[in-house]
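The structures considered in this document are given below.
Same chain, two partners: subunit A is paired with subunit B first, then with subunit C.
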Partner chain A sequence: MPDSVTAGQAGTGVTGVVAPATGVAGTGVSPALLELDAVCKSFGKVVVADNLSLAVGEAELVGIVGPNGAGKSSLFGLIAGDLAPSSGHIFFAGKGVTKADAAARCRLGIGRTFQVPKPFGAMTVFENVLVAVQQGGGLRGRASYAAAVEVLERTGLAADVNLPAERLGLLSRKRLEVARALATRPRLLLLDEVAGGLTDPEVAQLADIVRAISAEGIAIIWIEHVVHALTATVSRLLCLSGGLIIGDGEPETVLAMPAVREVFLGTEVTAELRAADPVTGPAPASAADREQA
Partner chain B sequence: MSAVGQDTQAAGGQHPRVAARGPAAGRVVTRSRRSALWAGLAAVVAIAILGYLPYLVFSDTTGLMVQFFQLLIMASMWNLLAGYAGLVSVGHQAFIGLGAYFVVLLAMHGLSPFTAIPIATAAAGVVGLPVWWLVSRLRSGYFAITMWVIASVCMLIIIQISSLGSGTGIALSGLTQSPTLLAADTYWATLAVAVLAIAGIYALLRSRLGLALTAIRDDEAGAKSIGGRVGSVQRLVFLVTALGCGAAGALYAISQQFIVPTAAFDVSFTAEMIFITIIGGIGTIEGPIIGTIVFFILQQTLSADGTWYWIVLGLVAIAVAIWAPRGIWGLVSEKFGIRLFPVGYYVWPAGEQPRRLLARSARP
Partner chain C sequence: MTWVNAVIQGVMLGGLYALFACGLSLMFGVMKVINLAHGDLAMVAAYIALGVVTITHVPAIWSFVLVVPIFAALGYVLQRTLLQASLNRGVITTLLVTFGLSVVIENALQQFLSANSRELNIGSLVSDSFSIGSQITIAYLDLIILVVAVAVLLGLQYFLSSSRSGRMIRAVADDREAAQLAGIDYRHVFGIATAIAFGTVALAGLAYGMYTQFDPTTGTTALLLYAFEAVVIGGLGSLWGTLAGGILLGVAQQVGAQYHAADQVLAGQLLFLIILVLRPQGITSRRELA
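And then the complex of A and B:
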């Protein structure tokens, strides 16, 4: 990250409302929607973010893979405001949000889902989404009802509107997570393993929903263990390990990197890659490896 | 666990107004499935009968009802605080005692105790502000115990003030009515505060803020992630409960006419609020009402025999914890699919709408 950002940040003190330099790493000419600048976070000896810098542009669809404990969900915690970084800065839509809490960041336009769904169990599906529209989306009255119904129809939950959320099955719970995050009218949506534990057809349904959301111009960062769901959907893939980004680029390129293969122990990823692109797979991949090295 | 659900599906609650309806992508959204005209009328009739009670019964009966409504106010406040905002306090007797002593203080300065009720209530709320500033950074057990400490500190401060009777207590002055009229006035004041408290909680929970509060009840981290301002919602609820308990304390002073610090700041007030809320059903408006009825019956029938009273209370608490973790109201609403206070929403299937609306539009 450019030093000027850090210097400006220090100059304004704790509020830190500083527009990050435009045209920063990875996004070419357009300014980044989300920018992490040298973010560090560790729990005791476990490092979940090691001097992490990352920029995500408007309407970008980014996938994140990585082994368990790589810091994927913690990265979402840092972006969404559930975790405070021990050092570094986070910018969203040109504003410093490092000190903002989770609710404030949601209102700024960062929507998120949780790996383990956190439905409001005794509330109905409609109420779950309505409260998100009203709190995060800032709508009231009839406008909020209409927005909630619309989100529920888009996420395929229209038949369950009056059902208490605790009676939903896993697929519907995952959908409700997406619906609720979407209802806050985000500019950036953080999806944390929304396909985990689902069957292949269910994963395909969710991937369709994700693509449709992306097509509306909402930026998405999607963490997923189900790698084939990601590679089929995202345009950019990050691989996280030990709090470090060890791969960043086109999905095929990233999955072919030796470092990435190493953390995945050559299992699913290699098979995926071969299946996806048996002819041209190996050669460009090794070229990318050399570049990376 | 799959329980509470059915009611919203199988039936709605009952309240006379379809407060919120509007076309939402071709679907009508109302606050309950059934038109609730009858339940609303029943509530009005019940309040009217309760209001007429002093003309029908002797003052010992209305005296019992005064105790009942005071318990109901306190338990409803504790339920709002713990059941919705997730703040478990064992120190809300602080506001009860303060409300009581504010009335005594105002009466000493020549104000009628009944006129003093709203002022004492507001004063208890004002005290709630710095108390919240102190305890808001604490969670769970630390919050609970610090509240208890604050209640004890309030009591110790009052004991130091000799003009308020120190530790031996003080009589409330300014009650000049005849005993019969005094009993009736006390009853009406208590009934009015109880109705206001329940109606206020109902209005709060039906509002936009109430939906956020219900979300906090169900999952605090989830509520934050959807933009819910958990901290400021909790502050508001804390202040509302400080006001409510202050009002209950003011009524306590008037009904007792003589107050002692150790009794006005007694932790058993909070113990009763907790018991009532748990057995009635925490996190529902109906719970504390049912709980107060059950507790009051137990208290009136058993309190002559001190030992058995406590044993039965303990057994009831254990039984509810094991067989009805959502309280008596939880069981009832699950079984019969009813809600007396519909605070939720019902989305009508596309093309359908409440019958009452159809009936209305059919009329010329």
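And then the complex of A and C:
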């Protein structure tokens, strides 16, 4: 798509939805758990965060969609501390964390999964989770073992605990990503395309896990290409394009915005909208979005 | 029987090589650092031990109680400063930095401590031995070094596989980025790994100083190459492999020496080359650390 169109649509989109529809961020009623203040980041001429401001409240469940290269994973990198912003500030639980490295932010309570699972291959599934409980979660001894077992049960990995992680299949690897992030006992969980490449029943299983985590009061930001998996789960949806937030609000509202539909041209947004219809429920994923994932 | 004796002597010599090599193996396994100053560091440890013995008059054999912790601390600090800075600039930089370190150490030792050969005096233990039959003679010191080497490698393996810190080290060796997301500060882990490696190389340096004479160049001329060969024969990053590699190298050398004294080194190099050609991944192909 030509840049000019994106930019134009983005402009109108931003003016339309500048206040988050869920109200947590802008109202000042409860302080936000995560706050990005005018964060900028670019790789050469590719802008991945363009003066980005965002607030996510305690226990909020936020979905993020956007075309490839919109800056979704980079946004996670900025929040989790893998990437340093060129300007702007990041606050977590009231503390400035812009200068803190990834390990420190993890210990503060930001958990993250990778789009492509990165298990510690030579270690067992149990050890993968245990090391995260002990280092990121700060637990020791018996308490750490109990916590690791609990996380493994919740993520459906209890049968595979003694397997070397490199021998897991894709679904189990995705689950292990979630398990390891969860094991660090986060207050905010960043899920990067955990449903990508999975079959519909598998996606549904993962969505169940995500909803259960959310129900415990852990805030979640979930990036996903499989849009219907998101819309069926999240209460707030962001659409990112060219490092800008071009839509923010209720999932149906955001997906109906002209600016959002514009950036999704060619990715069957109408099919996705139908899939997102709360009456008919999630439709089977089309071959196109499987490919995308 | 002389052949049996040669193999036994080789196994014990191999213990010394394995002790040298395990620090090298660990640093490569965890950080992908090829430490070209490894042999020189062993010599520094031996010279520090000389100083410790001169000042405190403790028997040389107990000098490790002081030297090993000093070296471990030195390793941590060196990793967090010089080595981490060079790691941030890439693999080649790290290789050059450790090479530079090797040159600096060697010349500094020559400059300040002279090129004369020294040894750590352990009294009669250096020649005490016992015999099995008429042909096999085992020196107590050689046996002690072998036992220490096996104990260190066993202990290290146990530490890595079963302890909280060991698990953390393996996680970083596996995937540094993912380890950070598990809450692990990888620079601290690098420091710990280097501290352990320096502790073991100090032990190896002391063992060598008791075993035979050393001078400032011994580290590069006699030790570094054998340590590398032991690591490569055994398989990169595997501690068991390193022990096996060291022992194989020792045995090859001692058996070679049975033909002709000049064949000792040659036989070791031949084994190394044969392994490189036939089994470049080393004799243990299983990934145990990295």
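Criterion: the second predicted complex is superposed on the first by the 243 of 293 C-alpha atoms of A that agree within 3 Å, B and C clash if a C-alpha of one lies under 4 Å from a C-alpha of the other, contacts with A are read in each partner's own complex, and residues count from 1 in each chain.
Just so it is clear, a contact is a pair of C-beta atoms (placed from the backbone, for glycine too) under 8 Å apart; a residue touches a chain by one contact, two chains touch by 3 or more.
Nothing here was measured: the structure is a model prediction, and the numbers come from that model.
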item: Clash or fit (per the criteria above) of subunit B with subunit C on subunit A; value: clash
item: Greater subunit A contact set [subunit C / subunit B]; value: B
item: Partner chain(s) touched by A:112 [first = subunit B, second = subunit C, both, neither]; value: both
item: Which superposed partner A:82 touches (first subunit B, second subunit C, both, neither); value: both
item: First (subunit B), second (subunit C), both or neither touched by A:163; value: first
item: Which of subunit B and subunit C A:102 touches, first, second, both or neither; value: both
item: Subunit B versus subunit C as contact partner of A:149, first or second or both or neither; value: first
item: Set of subunit A residues, in rising order, touched by both subunit B and subunit C; value: 80, 82, 101-103, 106-107, 112, 114, 118-123, 127-128, 130-132, 134-137, 140, 180-181, 183-184
item: Interfacial residue positions of subunit A with respect to subunit B in the complex; value: 80, 82, 101-103, 106-107, 112, 114, 118-124, 126-128, 130-132, 134-137, 140-142, 145-146, 148-150, 153, 161-164, 166-167, 180-181, 183-184
item: Subunit A - residues contacting subunit C, complex; value: 80-82, 101-104, 106-107, 111-112, 114, 118-123, 127-128, 130-132, 134-138, 140, 180-181, 183-184
item: Complex contact set, residues of subunit B against subunit A; value: 1-2, 4-5, 8-9, 20, 22-25, 27, 29, 208, 211-212, 214-215, 217-219, 221-230, 283, 344-347
item: Residue ranges of subunit C touching subunit A (in the complex, touch as defined); value: 164, 167-168, 170-171, 174-175, 177-186, 287-290
